[in-house]
Amino acid sequence: MNYQTILEEIYEQIQPELQIGKVANYIPALKEVNADDFAMSIHLLDGTSYNIGSYNKKFSIQSISKVFTFSMALEIYSKKLYKRVWHEPSGNPFNSLVQLEYEKGIPRNPFINAGAIVTTDTLLSHYKTEDKTFEAINNFINRLCKEKIDFDEKIYNSELKHGFRNQALASLMKSFNNIKNPINKTLNIYFKHCSLMMSCEQLATSMLYLANHGIDPKTKEIYLNSSRAKRVNSLMLTCGHYDASGDFAFHVGLPGKSGVGGGIVAIVPKKMAICVYSPRLNSKGNSHAGTKALELFTSKTKLSIF
Amino acid sequence: MNYQTILEEIYEQIQPELQIGKVANYIPALKEVNADDFAMSIHLLDGTSYNIGSYNKKFSIQSISKVFTFSMALEIYSKKLYKRVWHEPSGNPFNSLVQLEYEKGIPRNPFINAGAIVTTDTLLSHYKTEDKTFEAINNFINRLCKEKIDFDEKIYNSELKHGFRNQALASLMKSFNNIKNPINKTLNIYFKHCSLMMSCEQLATSMLYLANHGIDPKTKEIYLNSSRAKRVNSLMLTCGHYDASGDFAFHVGLPGKSGVGGGIVAIVPKKMAICVYSPRLNSKGNSHAGTKALELFTSKTKLSIF
Amino acid sequence: MNYQTILEEIYEQIQPELQIGKVANYIPALKEVNADDFAMSIHLLDGTSYNIGSYNKKFSIQSISKVFTFSMALEIYSKKLYKRVWHEPSGNPFNSLVQLEYEKGIPRNPFINAGAIVTTDTLLSHYKTEDKTFEAINNFINRLCKEKIDFDEKIYNSELKHGFRNQALASLMKSFNNIKNPINKTLNIYFKHCSLMMSCEQLATSMLYLANHGIDPKTKEIYLNSSRAKRVNSLMLTCGHYDASGDFAFHVGLPGKSGVGGGIVAIVPKKMAICVYSPRLNSKGNSHAGTKALELFTSKTKLSIF
Amino acid sequence: MNYQTILEEIYEQIQPELQIGKVANYIPALKEVNADDFAMSIHLLDGTSYNIGSYNKKFSIQSISKVFTFSMALEIYSKKLYKRVWHEPSGNPFNSLVQLEYEKGIPRNPFINAGAIVTTDTLLSHYKTEDKTFEAINNFINRLCKEKIDFDEKIYNSELKHGFRNQALASLMKSFNNIKNPINKTLNIYFKHCSLMMSCEQLATSMLYLANHGIDPKTKEIYLNSSRAKRVNSLMLTCGHYDASGDFAFHVGLPGKSGVGGGIVAIVPKKMAICVYSPRLNSKGNSHAGTKALELFTSKTKLSIF
C-alpha cells in the first residue's frame, strides 16, 4: 500500500476539519499553540516511516504519557496492580469523581486521570524519590524514541497551579488509602510526565513496541511480555478515549490513546504505530481532526482489528 | 493448530470451575437447567468445526440474540439508528435506569437491555406487526444456522410475567419518545427473541458472518456490509459483557457477547467463530466457566485481535 | 391581624409575578387553564375565612392529593408504612428513577411520585378494589371539605395516556416487589386522585385538620392522631416541594405541599390553613406566584414555625 | 412543666441505648472519649436551666460549629452568600462529592462539610488572616456562652492529618472557583472550629439566640436579625442531620444540628435551646442515644414546631 499517497489524500481532505473544535483551555499554557496545525506519522515494524504536516513539531503529550507509565507499572507489579486500578471503561468524563467515590477510591482504568495518578503513585513507591521516578519514566520513553525528550516547564507550572481537580481526585483516593505517597509528590511527577513534549514522529516510533508484542522492533529490547502488550492494547481500545472510547472503536477500529494536547496514537497490531496531531478538541476532549484523520486512514486502508 | 486437542485440554482444565457461580434466577424458567453443563464449539471459515461437551444441547440464548437484531437493524437503518441508540460502553449493569434517565432515554449501546429494546422497536416499525417482526428475526437466524430454531414458550411466559425491570426501561424510554410502538408489543418480541433456544454448535455457525466481513462463508449470502460487520465486532468488544466488557477484552482479547442463559459467543476476525456454554454466572451476569474457557483458549492459541 | 387587608396587599403586589413561569405541559389537558389566574384562601381554626381572586374556581389538585392519601395510609398502617416508603428529602426532582434504583425500590418519601404510588398501592390493598379505593379517598376529602368533589375525566385520560414516567417508576418498584397490586390498577387510582378538581377555598378548609392535631375543627372528627398529624406536617416541610423543599422552608417557613396544577397548601400549626393558586410554575415545578404570595404572607404576618 | 423530672426520666429510660452505636473513628483523637457518657441540658429564655449527666464535660463540637459560622457569614454577606452555598437538603451523606460535581462546586447547604468549608472561606475573605478569622469565630461563641472556650490541639492535628476527604471537597470546589483563599488556609480554620471543645451546658446557652429571633435573651445583643434567625432554624430542620434530617424532623420535630463528636443541639422557638451528648453514633453519623433522648423529650413535653 502506498502510505505516503494516503497521507497526502488525508491531508487534503482534512483541511475543512481543522477549523472545528476548541484548543484545550483548562490550563493557560496549553492554549499557546497554533490551533490549525496538523501532522500525521506512520511507522511500520520494518522501520519504514511516512509523515506529513508539522510532524517534527513538539507538542504536550498529556494523557498519551499514561500508556508509557502504565506499561512500566504493569511490568513491575503485574497482577498486583489490578487491585489498585481496574481495566473497565468508566462511561464517564476523564476527570469525574462520582464513580471514584462509589467505587471506594479504585479507579476504573489507568487511562482516566485517577487511574494514571495511581499508576504514577506505584512508580514512585518503586523508584523511591520524585527525581528517580521521573528519570525512570523519561528514560523509558527516551529509549523507545531514540531521542532525548523533556518536559515543558511552563506547562508543568501551569498544571501545578490549576490542577485542583486532579488534587481532588488524589485526595479522595488518599482518603481510601489508594495513594501511598504524599499527594503533592505523586502529583508533581504526574504533571511532569503529562507535560512531556514530543513530536508526531517521536510518538509513532515510541509506540511501535505495542504493535510488536512488547518488543522494540529495532533494538529488540523487551518492554513488556507479549500477553501484557496485548492487554495494554485492549485497554487502549476500551478506555483510550474517555467516554468516547466506544465511538473511536466503532469508527476507527484500532487501539488508540488521545491527549488533550491534541495528539492521538493508534496501533495496528503486528504492522505499525500511528500518531496524529491537531490541537482543536471535540466536546469529549479528543482531537477533532485527529479522530477524523484516523477514520479516513482506516477507511482507505481497510486496516482494522475487527 | 490442533483445535480438537485444545478443546480437550480446556475441557479437562475447566472441570473445577464448573461448580463456581450461580445459575440465573431472575426468572424461574431459567433455573431449570443442568447447572454443571459445559460445551464449546469452534467453527472455522473453511467449514471445519470442533466441538466438545453438550454441544448439541439447546439453551436459552438470551442477550446473544441482541447481536442478530442489531445486525438486522443496522442493515435496515444504517446511521439513522445511531440517533436512537449509541455505541458507547455504559460502565453500568445491564439493566440500569440511572444512565438512561440522565441521557434522556437514549441507551448507551444496543447490547444493554434498553438498547436492545430500542433495536427491537425499530424492527417492529419496519416489519409492522409483532408476528412479521418475530418471523423476520427467526428467519435471519435460521438462514445463518441452517437449521430451524424456535423459542421456549415457558421461558417466554416467565419473562413476560417477571419482566418489570424491562418494562420500567421501556416506559422510561417511551416517556422520552424513544419507543415508537406500544410498549407491550415491543416487549413481546424482545422477550421472544431472548427466549430462542440454540445449541453451541448452532450459535458458532450462526456467528461466522461476523468473522467474515458480514458474509456467510458457506452460502456467500451478505448479511452486513464489511464496514458494518466490523462495527458490530467493535461493539461486542467494548460493550458485549455489560460492566465486565473491559475485563473480557483484557483477559480474552476477542469480540464477544454473553447471555444470562450461560452462553458466550466470540469472534476471531477472518478466522473463526466460537461458542461456549456453562450456565453458572459470575457476579456480573456472565458465564463463569465460559469466560475462563475462552481465556484458556486464547492463551493456548495466542489468538487475539491485539 | 386584618387578614383581608393582607390578602388585598398581596393581590396587588403579586400582579407582576403572574406573567412569570410556565403552565405545566407534560399532559395536554393541564394546559387548558387561564395562565394568569390567581387565588388565595385563609381558613382559621375558629371558622373565619378570608379569600381573594378566583378562590371558587376549581383546578387540578395534582400532588396535593398526596397529603390526603398519605394521611389515610398512615392512619391505617402506622409504622408498618415506613418499610415501604421513607420520610427523607430526596434532593432530586419529583419523578427521578435514579435514587429509586440505588435504594432498591423504596421511595424516599410519600410526596414524590414514587412514594405516592406506593401509598396508593397500600390503600388498594386495604380497600381491595379500584372503585372502593377511589371512593374511600374521595369520601375522605369530601368529609374534610364538606362539599362534593370529583375528578376531571379529561385530565385523568390525559394522565393515563402520557404517564410513561410514572409507569416506569411503578414497574421499577414492582421489580423490587414494592408494588403489591397490578401496576395498572394502582396507577389508575393514582391518576384519578391527582385529577381531582378543587377550589382554593375547598383546599384551605380541607387542610385544617393538619393545623389542629389531626382533628377537624368544625366537626371534631379525628382524621389522624396528634403525633401523626405532626409527622405529616414535618414531611410537608422537608419534602413538600420536591427539590425546592429547603428553599420553601427557608423563605416561607411553613409546612406546605404544591401540585403541578398550580396549587400550594400551607399550614400554620394551631392557627390556620392556607391555599394559594396560580398555574404558572417555576423551574422546580412549583407555582411561581403562589410561592411568592406565601413569602409575602409570612413576611407581613411574621407567622412562621421557626 | 417540671423539666428536671423529665430529664431524670429520660436519663433512666436512655440507659439501654447507651451501648448502641459506634464512636466516630475517622480520626484517631475522636476515639478517646468515654463511649458510655450521656448529658443533657435545657436552657430556657427566662434564664432557668436544667441539666443531667456529665453536662459540664467538654467534648468536640465538630459540625455544631457550622451553625455559628453560618450565622456569622449570613449576617456579613446576607443574600450574596446564597450564590456560593444553597439551602436545600442534599439527600446524601455529609461528605459526598457526587452532588458537588454535578452541581458545579456549589454545595447544597451550609451544614454539609462542603458548605461549611465555603462558609469558612467567606469568613476568611472577610477577616483577611487565619488568626483573625479564627479569633472572630471564637469571640462569637465566647460571647454567646459567656465563658472562654478553646480548640483541642490533638483533635485539630488529627483532623489535619486525616482530612483527605475534606481536602478533596475543597479542591473540587476550588476547581469551580468556589473557594477564594488557598485551600490549606481555609481548611486550617475549618478544622480548628470543628475541634472546639464545649460542654452540653455551654452549647445549650450558646444556642439561645436562635430560640429568640437572633437576640441573646440575657445580654440583648443582636446576633442575627429576626428573619435570618428563622432561616438558620429552617436550615437546621431540613439539613441539620445530613441524610437523616427528614427522620429527625419526623421523629423529633425540632430544628437541630448534630456533630460526629456526639453532640446534638435543638431549638424550641420562643422557648428554649437544648443540648444532648452521647458519643456513640448511628449509621448516619448522628448520636444514637442523643437522638432517642430528644424523641423522648418531645413525646413527654409535646413540644414540636408542627
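Note that the chains take the letters A, B, C and D in the order they are written out, and that residue 1 is the start of every chain.
Heads up, the rule we're going with is that a contact is a pair of C-beta atoms (placed from the backbone, for glycine too) under 8 Å apart; a residue touches a chain by one contact, two chains touch by 3 or more.
Chain identities (UniProt): A, B, C, D = Glutaminase.
Since the structure is predicted, the reported quantities are computational estimates derived from the model, not experimental observations.
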(message) Considering only chains that satisfy the touch condition with chain B, which of them also satisfy it with chain D?
(response) A, C
(request) Compute the rotation angle for the C-alpha superposition of chain C onto chain D, expressed as a multiple of 5 degrees. (result) 180
(request) Tell me which chain's centre, taken as the mean of its C-alpha atoms, is farthest from chain A. (result) C
(request) Could you grab the centroid distance between chain A and chain B? Build each centroid from C-alpha atoms only and quote it in angstrom. (result) 32
(message) Using mean CA coordinates as chain centres, what's the gap between chain B and chain C in Å?
(response) 47
(message) On a C-alpha centroid basis, what's the spacing between chain A and chain C, in Å?
(response) 54
(message) With touch defined as at the top, which chains are paired up in contact here?
(response) A-B, A-D, B-C, C-D
(request) Over in the complex, which chain D residues touch chain C? Could you list them? (result) 86-92, 99, 108-109, 226-227, 229-231, 233-235, 237-239, 243-247, 249-250, 253, 255, 269, 299, 302, 304-306
(request) Show which residues of chain C lie in contact with chain B when the two form their complex. (result) 96-98, 101-102, 164-165, 167-169, 171-172, 174-175, 183
